[in-house]
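Shown below is the structure under consideration.
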Amino acid sequence: MELLYAACVGVLVSCGVFLILRSRTFPVVLGLTMLSYAVNLFLFSSGRLSLNSAAVLGYSKDYADPLPQAFVLTAIVIGFAMTAFVVILAIRGRADLGNDHVNGQVPDNKVKGKV
Amino acid sequence: MLDTVILIVFAMIGLSLLLNLWRLLIGPSVPDRILALDTMYINSIALIILYGMSMGTGLYFEAALLIAMLGFVSTVAVCKYLLRGDIIE
Amino acid sequence: MTEWIISILLLIGGSFVLVGSIGLVKMPDFFMRLHGPTKATTLGMASLLTAAMVFFSTAQSGLSVKEILISIFLLLTAPISGYMLIKSAIHHKLDSIERTQGKDNIEDDV
Amino acid sequence: MRLDTRFKWLPTPILSLLLFFVWLLLNNSVSAGHLVLATILALVIPWITSPFRTKQPLVIKPWLAFRHLLLVLYDIITANVQVAILILGPNKKLTPGFVKVPLDLTHSMPITILASTVSLTPGTVSAEVYPWRECFTEGKKPEQRFLLIHVLNLKDEQALIDTIKQRYEAPLKEIFQC
Amino acid sequence: MIEHLTSLPVLLPMLAGVLLLMPPCGKNKSIRRIASVVFSAITFLFSVALLLKVQADGTQVYAIGDWSAPFGIVLVADPLSTLLVCLTTLLSVVCVLYASAGDDEKGSFFHPLVHFLILGVNGAFLTGDAFNLFVFFEVLLIASYALLMHGGDKKNTRAALQYVIMNLVGSAVFLIALGVLYGVLGTLNMADMAQKVTLLQGDDVYLAKIGGLLLLVVFALKGALLPLHLWLPNTYATAMPIVAALFAIMTKVGVYSMMRVYTLIFGDEAGELSHMAQNWLWWLALATIAMGAIGVLASQDLRKLVANLVIVSVGTLVALVAVQTVEASSAAIYYLVHSTLVTAALFILADLIARQRGKVADRITAGTPVSQPMLLGACFIIASVAVIGMPPLSGFIAKVWLLKETLDAEYAMVFWPLYLLASLAVLVGVSKAGSTVFWNHQGKATESARQERVHPAQLVALLILISGAPLMSVFAGPLSEYAIDAATQLHDFEGNINVILVGEQ
Amino acid sequence: MTLLWIPLLSLLGSIISSMTGKLTRNQSTALSMLMPIIALCFTISLAPAVFSGDVIRETISWIPLLGVDIAFRLDGLALLFVFMILGIGILVIFYTRYYLSSKDSMPKLYSYLMLFMTAMLGIVMSNNVIQLWFFWELTSISSFLLISYWWHKSEARKGALMALTITGGGGLALLAGLLLLGNIVGSYNLDVILASREIIQAHDWYEVALILVLLGAFTKSAQFPFHFWLPHAMAAPTPVSAYLHSATMVKAGIFLLARFYPALAGTDIWFILVSITGLTTLLVGAYVALFKHDLKGLLAYSTISHLGLITLLFGLNTELATVAAIFHIINHATFKASLFMATGIIDHETGTRDMRKLNGMWRFMPYTATLAMVAAAAMAGVPLLNGFLSKEMFFAETLHQQLLGSMSWLIPVLATVAGALAVAYSARFIHDVFFNGDPIGLPRQPSEPPRYMRVPIEILVALCLLVGIFPNFVVDDILTAASFAVLGGYVPEFKVALWHGFNLPLLMSGIAVTGGLLIYTQRRYLYQFQASLPPLNAKKAFDNSIYVMIKWCQRKISTIENGSLQRYLMLMFLVVLLAAGWPLFEMSQLAGKKQLTPIDVHNAVGAALLIIGAVCTVIWSRKRVVSLLMLSVVGLMVSVAFTRFSAPDLALTQLTVEVVTIILLMLALFFLPQHSPRESSSMRVLRDLGISSALGVVVASACYALITRPLESISDFFLDNAKTGGGGTNVVNVILVDFRGFDTLGEICVLGIAALGIAKLLVNLPLFMPGSDSEGRPWAKERYPILLASISQSLLPLALLVSFYIFLRGHNLPGGGFIAGLVTAIAFILQYIAHGSNWIAERLTINYRKIIASGIAIALFTGVGSWFFGRSFMTTWFDYFDIPFIGEIELASALVFDLGVYITVVGATLMILASLGKLTANAPKEEVNI
């Protein structure tokens, strides 16, 4: 299971990073969201994986490490605030600049094969 | 026996989820995909409830409850988007 | 005894959920696909939740009935989700299969 | 049809009752503390949310409503078995169709309940309420409304319309007295 | 109150931010301005009080919620962090004062956002917990995002978008780093981490190294170290100048964090991991200086120029951090304060000049003369002399000091020529810019530009900053003692552990 | 009185004169001259002690930790320079009174001049090398200000900039050199450095330090090839040129050579560098001076030449040469300053300095002409004048050296050639200006200047004569004292005399005079030859090189900072890859020793869903809606994973956040274009794929390495103390509101600030609102579907109830303020979706700003509350109360804190959505689809 978990984190990172490297704001925002999923899973796993041991006293024999869970909670909330901001900023950017390119302008050389 | 049954039902839900994913992937239309996603939400409730039962803990009930409530909101929001574009107008 | 009840309820629930998803995949057009998830899945969920209710009521001390709540929620919301979906399908003018009757009952919504 | 309640402090008795029970359900408890809390919530929440409620007809016949609820639940179960069979059977046998059911109900809440019922019961899903609200001002000129439904396996259109009107719409009219 | 002094630099800005959103500050412009200035002044005074206390009684450790380290979050006020807190709060006084002349009304929520930014910066300086550091980083970042858009235009939006996206990625990296470190060390209190690092064995060492290097990436991004500096020039050059002036402290947060992490956690005691980033830091710092110098020469407007000066200062600071000796750190501390004040002053000056030059604004080209050449010119000369590092102002002392302390470093033979050449580039860039802007006149000023006068509030703000350079020079003696004291404590592994974890003074 | 007063008085003078704007010109001048005169008198009072061989010292502690002190010393060399600086300074101030027109600001020039004077005094009196550098750079700054005094003239600006660049660069080299010296001897004290000749010259860094110091000296003293700034500095007012660019500042470099002579000189490398540079400068300066038509240009090059001469003398490494050098410093200062002043008079009276126009001035201003001619004769080295004496000594010294081996004869020959050239340009100065026919097209009718304008020149010319005729009487003391200082306490036998008999130097002088006159008379041929050479314009070359450099920088910057976020991000990801990947390769084994958990089928399904969802989000990223739906699958599966791995709180949070995120992204979908165009080339895609998969692999490996290792963490403390110390059984929640409540406080601040920021972003936002969807379908007619509207109304109370439930139980069971807040917010968002923002606005008049503020305030004040119980911030309190009938209940301050969280979350979330909603509610949708 650990391998599967790590693989999932890796896939999320890859997909997130790939999307972040796109040129339009929407995919970038999607990528950031995806990356934050990956990061949350990663941070969460720093307390190791444990089954049926929620850190609620009296509900199980041994308990998962609660500290990373608290960290991830904070991270999720902060990530949410940041995502909200960047979404609205992207909208603002589109409104101000007339396009949704992350660089604020659509490159002239849209010729294929040219970066 | 219950454990076996739970395993079987797990498999059924797992299969359902895969079927949902299949529909989600092939579409063909956006409403099709939304429908598949909505069903996936509901099937996840089943999954979580089953987890709870297999672990013998009710700690995950609220998660299921929230999926029930919130999956609906997402579905409605996406549909509203398809219909009107602006979801909060 | 309760184990039997729980098992049967679970199996029924699981089957209905599965049937709903099968319908989702199998049916030929969107409108027909909608039926499975709105009905079969909802009932299946109700059955599963009842099983859970019985399970927790017996496994732990005291009655556990809060699972009903999820069922209530689903019963309240599933038709509306279906309604919103079918509205968007109509808006998108999705094709229904040839033999669908009464297509002219649909009004153009724009 | 009545829109206003008897008690100012209890504008929506059914809702309050629902909240009261839901609270107890959520907490799995009928301890004194929760009873008090449930009562308080059942009174306070409707009061807080009252601005967000449009005036709706009141349930005049609660008992009838309860009976109707049981009937619908029964129908849901039977209908689902039927639908399951339809789904698992060969697709070719199915003859889907769209049906327009004329409505006698005028208010949105009863219409919603009817549409939900229809969606949960035999092979039908509510699709649209015609005419759209944008073309129709509530309470002004009660125009004829239709409910568009999609039927999974349509055999007899008129029979279906009659069933819906009699089995589901009529009780609702009575419950809400409209 | 006195026993809670350590928490006040964090709590007061939060309180200020909150109160400024509420009536009567929320509605009334003048009340809001007065309240904001008063609040920032109070925060500054309490920070100074904390500084005095730290000087008198040694490092202060404040356990939030009475949960002692490593379990709870502690605030650690040592000479270095307190100094930076004072600097930050001073900057905030200047900023709100300056903005009260009218800039604050070019968008909503300026004052609360400034206080929230200060909250984040002070928190980052004071916290002794790595995850809490992340939280405060985010506080200051989100506030900076919002402030960046204050009174902005289209260019501004574009820069902000890029800045935000890069920093979001940075935050993700930060979290991964924290995850790795927690996963290896089982703690995120920095002193505790330092202690645990010494006990690492086997492959765990390399996992910790991943965490440490990723943290370095994050701090390098915040601090604008090459090649992660690319966000800075546009961001600072398009932000409203007073905001950019305030941002002068933000890159320093990154550098400060580097100092903390790479002296305490991965410092001398860290065994295999000690000084693991030194080589990286060193070469990146050099490249940053070079890049900044090139940028200074290339700049076509004043704000861009100052932004590049910020990059040079970051490179210089990081080079000093990389030397990792007490002496170099003390030079870094002095240089940090100096460069923050001076670049902030230059941003403000660029703004005042731009206002008085009308259409050409702050572009380095012939244009209409400023309407108050004596005042602005004098201030510009002072700031320039300071930033170039010429006597008699603070820049000269910083330059002498940092050259002296890098002489024995491994790479001095690369650093010295590079740094001196960069200084020359800065000299050429700044003097060329100044003589063009002030002396190369062309065309007539528009009526509105001609009537533009420095507002008294702006003047006071400017003078506070400008006076920093001569004061830091005159009081270089005591300041240098303070810096060395701060650097000594920064490098004192045992002492830090004892104070934070054991609670001994 | 202490030494400090000398520069201090001068500084005081600078400040005083800057404030004389309201006074008359005479008053201003008098006041300005006062301070230097006092300083001069003071210096004179100190002179006897110095002449007797004492060195006066004065130290004030400044930055002891750096070894930087304010330290002054007055020895013979310093005394000589102080006399020159103050003496000529006073004369220049006096002269300036008549030179400046009424348009020019006199206080400003005086102030700058005296600031410069301060700096010069500081240099020559420093006893600490860092302090020396301090004043060294101050001369650069004040010289910049003085050259650009007429800043409206382009050449003044450019000349100032050039001077600053060259001398500033040299200054940096000097600093490096001085720091090295300080490091070698372990002190910045000049006394120590000067006494450490052996240590220094034996040190590995000696050559480097020497070169650096010489760079400083040569740039300042305009030695070849750094000489070109000096002629352009002539854009300054003539008094400034007289003072800075002949008598004092350019001598600072020479002073430096003299100052460090005891420590640095005497080696071959010193000889080679200094003498070759001096010789070259001597010749180049003298040669170029011949061709200058501008009077000041001629004088500038002549200055360069003379500076070269002095440098050469220092390079000759003999004691007598050094004495000669010092002597020539004095002589050059007197005649060159007077020549500049004379030029100033000519310029002042005629309006031009062009020698092609200036002819026959003798007739218009015979008195001035006489003075100028005497000074020029001194410059040429005519007997009876001071220039002759030092030049004789120079010639003599060139003969005595053997350092070029068999080619040593070259030096006297070249020296003679230079002497001839000097005679030639001096002759030109005299003949071309004062005789040579009638003036051509002068702007002004010339006449004698105001009487007192000539006084400074008279004094200086008198000095030339005095020194020339009675050298022993006038300069012996000071020359001895200065030489004593330079030579480190040893003065050779020297005799400054008018007549040494017929000897080789005299012959050389004779050849030089004859040759010079010959060159001048035959200059036509020389001019033709010069004209045939390609023109060499130093200013253009300098400007060009600066321009080229700046263009290069701009190109570099624009290629590096090309505004492409993808580039920046790629760099960042590469750095991350390196940082995280590198240590992975150092590991011996990735997997740890922890017992692994087996995979079960539903986990596999979940993982499959997650992975496929993620991959499809990427694949369909250009079909934005579909991509978003795929992302939802990922989000859902992440929540499911949290439940699976025992994190119910996380699952709840993730779920609620997910919904709000989706809604936000729906908004983005509407306001942003519906599709992403295909923009990336295949190569680009391949590159990105490479980076992203590498990163994925690295992070996954790190993750795997972590979770397969056992962990010892501090968490047991939380598990042990949650109930007893925090009063709750949900440890995660207790951590959030108690152990690490500070994080949570920060977190809600982030949320609140984000909401404020978003509201800020939305002010005056011009939105693109398409009138149809991406496939061109117009939007549906029904804005608020009827069934949705009524069902959402019914859900609201239910959702509030649930959120209250979740809020209340949070401390002991999964839930809490944040989740509850989001549930409430989502319930309201549903109302927005179902009814629109106008409908809400009619019913709910809440200022979200205040809500957020009060939420944070509640949390903050809960924390502060503990102060009143003498505890630190955020110390929580809880207790159990037995209430009759109801039973035991727990009251905890953490609950109030959580309430703050709840309120902030509701406020922030709704503010974000409501602000956008309000903006679009009444705006018409456009019929265009962009």
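Each chain carries a letter (A, B, C, D, E and F) given by its place in the written order, and its residues are counted from 1.
Following the convention adopted for this analysis, a residue touches a chain if its C-beta (ideal position, glycine included) is under 8 Å from a C-beta of that chain, and two chains touch if they have at least 3 such contacts.
Molecules present, by chain and UniProt name: A = Na+/H+ antiporter subunit C; B = K+/H+ antiporter subunit F; C = Na+/H+ antiporter subunit G; D = Na+/H+ antiporter subunit E; E = Monovalent cation/H+ antiporter subunit D; F = Monovalent cation/H+ antiporter subunit A.
What you see is a predicted model, and the numbers here were worked out from it, not measured in a lab.
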(request) Could you tell me which chains are in contact with subunit A (Na+/H+ antiporter subunit C) and with subunit F alike? (result) B, E
(request) Treat each pair of touching chains as one step and give the shortest count from subunit A (Na+/H+ antiporter subunit C) to subunit B (K+/H+ antiporter subunit F). (result) 1
(request) Specify the chain with the shortest distance from its C-alpha centroid to the centroid of every protein C-alpha atom present. (result) E
(message) Between B-C and D-F, which chain pair shares more contacting C-beta pairs?
(response) B-C
(message) Let me check something: if the centre of a chain is the mean of its CA atoms, which chain is farthest from subunit E?
(response) D
(request) Let me have the rounded angstrom distance from the C-alpha centre of subunit C (Na+/H+ antiporter subunit G) over to the C-alpha centre of subunit F, please. (result) 70
(message) Just the number, please: Cα centre separation of subunit B (K+/H+ antiporter subunit F) and subunit E in whole Å.
(response) 48
(request) Just give me the whole-number Å value for how far the CA centre of subunit B (K+/H+ antiporter subunit F) lies from that of subunit D (Na+/H+ antiporter subunit E). (result) 24
(message) Using mean CA coordinates as chain centres, what's the gap between subunit A (Na+/H+ antiporter subunit C) and subunit E in Å?
(response) 28
(request) Could you check subunit C (Na+/H+ antiporter subunit G) for residues that touch two or more other chains and list them? (result) 15, 20, 22, 34, 42, 64, 66, 69, 73, 76-80, 83-84, 86-87, 91-92, 109
(message) Show the residues in subunit D (Na+/H+ antiporter subunit E) shared as contacts by 2 or more other chains, in ascending order.
(response) 22, 26-27, 115-116, 126, 132
(message) Can you list every residue of subunit A (Na+/H+ antiporter subunit C) that touches 2 or more other chains, as numbers and ranges?
(response) 20, 25, 38, 40, 42, 44-48, 51-52, 54, 56, 60, 67, 74, 78-79, 81-82, 85, 89-90, 92, 96, 102-104
(request) Examine which chains touch each other and state the graph shape they make (line, ring, star, complete, other). (result) other
(request) Could you list each pair of chains that touch one another? (result) A-B, A-E, A-F, B-C, B-F, C-D, C-F, D-F, E-F
(message) If we count contacts the way the header does, which residues on subunit C (Na+/H+ antiporter subunit G) are in touch with subunit B (K+/H+ antiporter subunit F) in the complex?
(response) 3, 6-7, 10-11, 13-15, 17-18, 20-22, 24-25, 30, 33-34, 37, 41-42, 44-45, 48-49, 51-52, 55-56, 59-60, 64, 66-67, 69-70, 73-74, 77-78, 80-81, 84-89, 91-92, 94
(request) Using the touch definition up top, name the residues of subunit C (Na+/H+ antiporter subunit G) that touch subunit F in the complex. (result) 73, 76-77, 79-80, 83-84, 87, 91-92, 109-110
(request) Using the touch definition up top, name the residues of subunit F that touch subunit B (K+/H+ antiporter subunit F) in the complex. (result) 601-602, 605-606, 608-609, 612-613, 616, 625-626, 628-630, 632-633, 636, 639-640, 643-644, 648, 651-652, 655-656, 658-659, 662-663, 666-667, 669-670, 769-770, 773, 779-780, 782-783, 785, 788, 795, 799, 802, 806, 813-815, 819, 823, 826, 829-830, 832-834, 836-837, 913, 916-917, 920-921, 925
(request) Enumerate the contact residues on subunit A (Na+/H+ antiporter subunit C) facing subunit E in the complex. (result) 20, 25, 28, 32, 35-36, 38-40, 42-48, 67-68, 71, 74-75, 78-79, 81-82, 85-86, 89-90, 92-93, 96-97, 102-104
(message) For a test of understanding, state which residues of subunit B (K+/H+ antiporter subunit F) touch subunit A (Na+/H+ antiporter subunit C) in their complex under the given definition.
(response) 55, 57, 59
